[in-house]
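Common to both upcoming complexes is subunit A, partnered first by subunit B, then by subunit C.
Now for the complex of A and B:
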């Protein structure tokens, strides 16, 4: 079914997702060592997923004037890199499930999973470099600069997330959380796809910085909703173990908020729970944390905050994209702020 | 969990205090936190988003300046105005103007803060032409001397942050509020023991105006103070 301005976000994601996945398959190597490398590399990309990042890149590029063919290689690169980082994230977070199945390291062991993730990350550059060859060397350099910037910011964000957990750091405020999310999530999820799409679509002439607020607010609302779903979502649809963030001691907005609202004795209790290794953390203590978040309104508060960010994203979209011609892709982008906070 | 615990005020932060966030109370003593959430969550989300965005923008600028990336004075992450290169459409001109305006406003804010933080004894004024002026500004255990070579009357204001004298310092080019004025370049920073000397040369053709630059740490890129030169002309 062709995409129109009336298409729902889910329909566009499905359409662009299928196109991206079909092309992505062509980039995944086959042959020996199939069991040890190429099979594991194909595992996550073939499990499905929303294809939010590549769709965002495709739609932005088309809004700025690119054809679908011009932007598909970039979309494939983004999805490959996303999957590479998921493998590493799952190891770092000691996660059990990904997209409804056991995580890769649980299936094949951490050393092989790490290696598959590395290989997928290196592979991710190939489509975008080959695809942009016709754009000239200046454009390739700029694309690589964007890639480099995103990689550095994402690594910094992940480092903050992991470091806060390792050191059991609880003296955090909401702005600290949001800054971590900007780096850890937004650069790869929204900023990079949108900037890359605009760069390709405009032939390098768009003011990429003017897209910052829209992309950041959209990505932050997306992450907060993801954190909420981790606590109260539908397991089948969510695809990961519910409450996994609590088991992993992740510094989510709800946890930061709960710490703010807690008495000193409660903070001591929360800190002790977070200090317990994941395997030793009891179901009862995780359940207590979850109940406390519900009872204190932390989940509702996080939803409210995500709504505010989504509203700001919508405002920034109207401001930034108003001069660009109306199209089905522009309509899709305009619907994203609502979609990120309504998805279940 | 008791009602008493609910009403306990939030602990004082040891992390960076953000004024905008602090202005929006989440735990008012007259309301339960839950009720407060419903009232302020969405507004705070948008507020926090813009606040963190602005903070990132300033950090990006400082980093870009530290690495001497061309065009960094008005860019977020180092791409400068290259994205507008070769285009002269009205849209691009407006975008360029907007960015210059934003940058200028940031500088105005910076200068305003500098005036507020000014340390006594850190000013050096030269109203004589073809002469150098020297002034020593004590800071902590060490000392700073500014030396100005100028054919025009100038007033120099140097504000090191506490502890700056023990760091490895550098000074960025001093830029004017008027984006078209050439920057004052080549400020020399030398150290002899615990004494620092800043040498500033002002050319005869330097347009009158206020020029400001950041004193930075060569090791970690952190801001360690500021240097302002008011060129009075004549």
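Now for the complex of A and C:
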């Protein structure tokens, strides 16, 4: 069924996701060493996933004037890099599950998983480089500089997330949380796909910085919804262990909000729970944390903030994209703010 | 003191090393998050190191006609990537020491070290991309494809090394060892620096594949000498824990040779020692392994093979570089085969 302006977000994700995945398979090397490298590199990309990032890049590029063929290499690069970083994130977070199955390092051990992630990260540059080879050196350099900026911002965000947890840092406010999310989530999830799409679609003429607000609000709403789903989602559809963020001590919006609302004695208790090594953290203390978040309205608060951010993203979209011609891709983009907060 | 044809290898490494390190410092980002990211990223590059890889690239490029300025960005990229991969190698190998100090993950924990390695790996592309921006798209793409090829080969070699150890695989012969070394060591240590130097120096006209034998023989001799030094070197000068390879169960040339010379009952004993988790491996069993390698002449054998490879590298150098003009850089390259097997 061809995509039209009436297509749902799920339908477009399914369509662009299939196209991206079919092309992505061609970029995954085969052969030796199969068990130690190329099998593990293909594992996460072949598990599925929503394909939100590549679809966002494809739709943006087409809105700005690209053909599907022109933007596919960029979409493949984004999805490959996302999967590479998931492998490393799962090691860093000691996560057990990814897309409904054991994480890669649980399956094959940390050393081989780390190496497969490295190889997939370098591979992620290949489609974008080959795809832009005919564009002239200015375009190649601009595209690679976009990639470079995103990689640096993502590493900064990941460093904040990991560092705050390592040091059991609890003096955090909502602004700290949003700064972390901007870097850790938004650059790879929304800013880079949108900027790269606009760059490719416009042949370098679009003002990429004007797209910042839409991308940031959309990405932040996406991450907060993810925080919420981790706590109260449907395990089968979510694909990760529920409450994993609590076990991993992640600085989610709910946790930051709970800390802000807590008395100093409660903060001491929360800090002690977070300080317990993951394996030693009792079910009772995790349940207490979850209940406190519910009782204090932290989950409701997170949902409201995600709602507000999605509304702001919608507003920014209308403002920024108003001069661009109507199309099924523009309709898809306009529906994303609602979708990110409604998805389960 | 200016470099001349009479300069020793150590003098040239010192000179090119200082130049590369001074420039490298300018590429290391500063600012927040300092403790969680930018400090850790600067740690290994600032610990020193021989600067063999960047010096090899600089000298080759100059022999092929480049100015020092033209090749410095490539030299910096190589050294940055080398340091990034050292961080990840140390995690994968659970190593304790690097350049005479605790490994990065021992200092700051695996999650932050892994992330700093990722960030340094992406950063390593920055000098090479900026440095080649004025060269035209064909040159940029060729340089990036060289980088890509090296990264893939290196990951394959690392996968073999790690996979063989994880599965306690002992059915290995010298050809398996040399294949692993070609991929794991030679691509990043000699092939890429030499190919990239020749590419930049010749403006894309050099036949890079003709340099394969020199680079491979040089790199293999380098790795075998490293295996030997790990076992019988001077700890202070070597900078890593002596015998670390034995503790980590690495498939060194001496181990492969010992396995080839052993009876089936001895192989059972060796396999059992290698199968013991690192922390549980007794000093007595490690001593036995070391003694067996000495008694069976495995260390002598490794030294002889390194010697033979260095001789072959010299021969290949004379053949491949004979048409290129004499210079202090050419003299430096000609001395490298002897240097790699004589260094302590």
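Basically, the second predicted complex is superposed on the first by the 344 of 344 C-alpha atoms of A that agree within 3 Å, B and C clash if a C-alpha of one lies under 4 Å from a C-alpha of the other, contacts with A are read in each partner's own complex, and residues count from 1 in each chain.
Note that contacts are C-beta pairs under 8 Å (C-beta built on N, C-alpha and C of every residue); 3 or more make two chains touch, one makes a residue touch a chain.
All figures in this text were calculated on a predicted structure; none of them were measured in a lab.
Asks: Based on the shared subunit A superposition, would you classify subunit B and subunit C as clashing or fitting together?
Replies: fit
Asks: Which holds for A:323: it touches subunit B only (first), subunit C only (second), both, or neither?
Replies: The first partner, subunit B, only.
Asks: Answer with first, second, both or neither: which of subunit B and subunit C does A:205 touch in the superposed model?
Replies: first
Asks: For A:145 in the superposed arrangement: first (subunit B), second (subunit C), both or neither?
Replies: Both subunit B and subunit C are touched by A:145.
Asks: So, A:36: does it touch subunit B (first), subunit C (second), both, or neither?
Replies: second
Asks: Quick check for you: in the superposed arrangement, does A:75 touch first (subunit B), second (subunit C), both or neither?
Replies: In the superposition, A:75 contacts neither subunit B nor subunit C.
Asks: Could you look at A:274 and tell me whether it touches subunit B, subunit C, both or neither (first, second, both, neither)?
Replies: neither
Asks: Mind working out whether A:66 is in touch with subunit B, subunit C, both or neither, as first, second, both or neither?
Replies: neither
Asks: A:9 in the overlay: touching subunit B, subunit C, both, or neither? Say first, second, both or neither.
Replies: neither
Asks: Considering only touches as defined above, state whether A:86 meets subunit B (first), subunit C (second), both or neither.
Replies: neither
Asks: How far apart, in whole Å, are the nearest Cα atoms of subunit B and subunit C in the superposition?
Replies: Result, nearest C-alpha distance in the overlay: 6 Å.
Asks: For subunit A, what residues appear in both contact lists, the one with subunit B and the one with subunit C?
Replies: Comparing the two interfaces on subunit A, one with subunit B and one with subunit C, the shared residues are 145.
Asks: Quick check: in the complex, which residue numbers of subunit C touch subunit A?
Replies: Touch residues, subunit C against subunit A: 29, 32-33, 35-37, 85, 88, 91-93, 108-112, 114-116, 118-119, 121-123, 125-126, 129-130, 133-137, 140-141, 144-145, 148, 151-152, 155-156, 158-160, 162-163, 166.
Asks: Once bound in the complex, which stretches of subunit B touch subunit A?
Replies: Contacts found on subunit B: 1, 4-6, 8, 10-11, 13-16, 18, 21, 26-27, 33-34, 37-38, 40-53, 55-57, 75-79, 82-84, 86-87, 91-92, 95, 99.
Asks: Can you tell me which positions in subunit A touch subunit B when the two form their complex?
Replies: Residues 142, 145, 149, 171-176, 178-179, 182, 204-210, 212-213, 216-217, 220-221, 260-264, 266-267, 292, 295-297, 300-309, 311-312, 323.
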